[in-house]
Structure formats: structure tokens, C-alpha cells
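Note that the chains are named A, B, C, D, E and F in the order they appear, and that numbering of residues resets to 1 at the start of each chain.
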């Protein structure tokens, strides 16, 4: 399994960059816990806990900062 | 549902940039937990917990760092 | 209510920049929990918990990084 | 034991950069807890806890930001 | 009480920059909890908890990143 | 006791930079909790807790980001 969903950090739009950031975070989780059935078991508790959701949004924000810089902020 | 509230990171003012950063964080939460009724259920506990609020402010600060850099700090 | 305490990230001095960073964090909290009476209720527990204080200082540090970059570090 | 898996931050591709970021995080853990048997004991609880996985992904995101900047984002 | 221990982020050496970063974090705590007796009460539990110490070191690292950038890394 | 293990952020190699980042984090802990016997007491619980190890790796990653930037990523 690859560690990144695509072979470049460059995207056409901020929207695509955001989607990439989200996938990057998910790919990290998959790399650390490759067993899909375990991830599926963990999901309900996590998706129903506000602090878990905030922390996930936190990781997306950090990944997006890198993607945005890579794309020179799509300026 | 889109991952970003608008198709650019560029805003006219820091105030608008801050509003964008807040929405970006909220859109992440919605993408991870798309069920509005669940999010509504989670909100009271979260909005009445100081540490949860601080962590939410933390995510906003990180999103804003990216938006501010994209706008060259509105200098 | 505005999301930022002033209409620019530019300040005359690092001291004013630090004050701005602190207000930015507080404005985030107010935006997420607009009910002042709730915030007042939460304050004692939070202000008497070392980890809560450290996490608040953490957010201030991140906001300040953005403000300092905006001001080219007041060099 | 070295602190880094390779003698440079430069990689040929983002994918290799991501792999490096993951190894960097693991090497930190090994440096702090060098006893492999302890790390093996800790792994199940950690790999079956959503918040632990998110926090691990968080560290990977930060390491990757550095690797990506080092590689000028493979532009 | 000022929010910063000195009127500039510029220091002569990395060592002085690190000392500044530590003071910046402490000044944040003082600004949020100005009552010295409360801070003194909180200190023992905090200084005897490994996770609290790590989180404090985390904040120092972030403050130092800003101070180091301000000083162009004392290159 | 100094706050930094050496009088410059410049290192010959990424490996030495990583070692510096690790020492920087440790020096922070020592500055906040100078009593070696307390730190020794705290170590077992911390080194046997996956989340504590991850958070320590997190701080190392942030310190390393600064050291790497200071060294222009050893490019």
C-alpha cells in the first residue's frame, strides 16, 4: 500500500488540495493500523466523540498547510 | 459536499480570512462526521467543556496560519 | 461579533503583537461558545488546571507565530 | 542506533518522503524507548485506539512538513 | 503586567533565544492565571507529571520556532 | 544549567541535527523539572505508555523542524 494517495503534492485547486490533505491523514492511519476490520470497529466511537473529531480536523489542518505551501497557495 | 467553503484561500481582509479558517475547521468535522444529527448531539458537551473549546481554537489557529500566509498576511 | 479584535495583523511592537495573539485565541473561544455565562462558568475549572493553562498557552504561541510572521518579526 | 533512517532529508518522490517521515517518527520512539519488547507490548493497545492512531498521524504530518520543505515540495 | 519579557524577539545567541521562548510561555500562563498563589498550588502536580512536562516542552518548542525565525536562526 | 546543549543550531548533518532536536526537548524538561530524582521516578511510567511516547516524538518533530530550517535542510 502506498503512503500517499497520489504521486505529487500539486493539485489544480484548493478544494482538491483539501481532499488530498484528508486522504494523507487517512493513509497514515492505514499505514499504522493496516487491518481494515480494526479500523472499522474503531470508527463509531471516534466519529461520535467531539474531541476525537477535533483532533482529526487538527491533523487535516497540518497536512493542508503542507499541501497549500507546495501549491504556493494556488495564488 | 465540498471540503472547503470557497474556491480560493484569498480573502479581502484578515477578518474574512479568520471566518474562512473557522469554516475550514467546521468543514473538516462535517467531512469526517457527515451526520448532522450526531454533530448536533455532540455539540452541547463540547461547547461546555473548556478543554474542548481550547482545542477547537487550536485548530482554527492552524488553519488561519495557512490562510494568512496565502494572503501574504494582508500586508 | 467580529472574529478578530482588529482589522490588521500589523502591530507597532512585539508586545502589541502578543496582546493581539491572546485576543485572537479568546475571540475563537467566543465564536464557538458565544454564551458569556457559560464561558464564565467554565473559567474557574480551566484557570485552576495546569494542563488547561498549558494548552491555552499553546494556542497563544501558534497565533503569535502568525502575527510575528505578518510583522516580519518586527525586525 | 542512528536517530534518522537515512543521511539526508532529500528523497526522489513525495511517496519516499512520506515513508521517510513515518520512519523518522518511529526512530524517535525507538530512541526514547529502546527496549523492543516494551514497544511490542505497547503496540496492541495503541494500534486499537482511535485517538492514539490520530496522534501518531499527527506526528507523521509534522515530520512530513519538514521533509516536504527540504525537498522544495518536489516541485 | 507585560505579555512579553522584553521589547524585541532579537537575541544575541540561540541560548538567549531559548531563554526568551521559555519566558514567553510562562508569561502566557501568568496572563491567563494572574493569581500567583494559584499558580504555585498547581506547580507540584504539574512538575511531577511526565505528560504535563512534555506538553510544556511542546509549547517552548513552538515559541522557540518563532524566536529562531525572528533571528534568522543566528546564522 | 544552559537551556540548549550547544551554542548554535547549525550541525554538520541531519543526523546531528536530529540528535540536537532530541537534546533540546530534554533540556526543556530539565529546565522545568530540575530535580533529577523526580525525572527518574517519572521515566518508567512515561516510557511504558504509548501515548506519552508519541507526544514526546511530537515535540522532537517540532524541534527538528526548527533545526532543519536553521540548516537550510542540509541541502
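Worth pointing out:
FYI, a contact is a pair of C-beta atoms (placed from the backbone, for glycine too) under 8 Å apart; a residue touches a chain by one contact, two chains touch by 3 or more.
Since the structure is predicted, the reported quantities are computational estimates derived from the model, not experimental observations.
Common partners of chain B and chain C, by the touch rule above, are absent. Counted as hops between touching chains, the shortest connection from chain A to chain F is 2. Two copies of one chain, chain D and chain F, touch each other, and the residues they use overlap weakly: the shared fraction of interface numbers falls below half. Centre-to-centre, using mean CA coordinates, chain A is 16 Å away from chain B.
For the pair chain D and chain E, the distance between mean C-alpha positions equals 27 Å.
Touching of two or more other chains is recorded for residues 51, 55-56, 58, 62, 65, 69 of chain E.
Arrangement of the chains shown, judged by which pairs touch: one closed cycle in which each chain has exactly two touching partners. In this entry the chains close into one ring whose order, counted from chain A toward chain B, is A, B, C, E, F, D. Interface of chain C with chain B (complex): residues 2-4, 7-10, 24-25, 27-29, 31-33, 38, 42-43, 45-46, 51-52, 55-56, 58-59, 62-63, 65-66, 69-70.
Chain contact summary for the complex, chain A toward chain B: residues 13-15, 18-19, 22, 47-51, 53-58, 60-62, 64-65, 68-69, 73-75.
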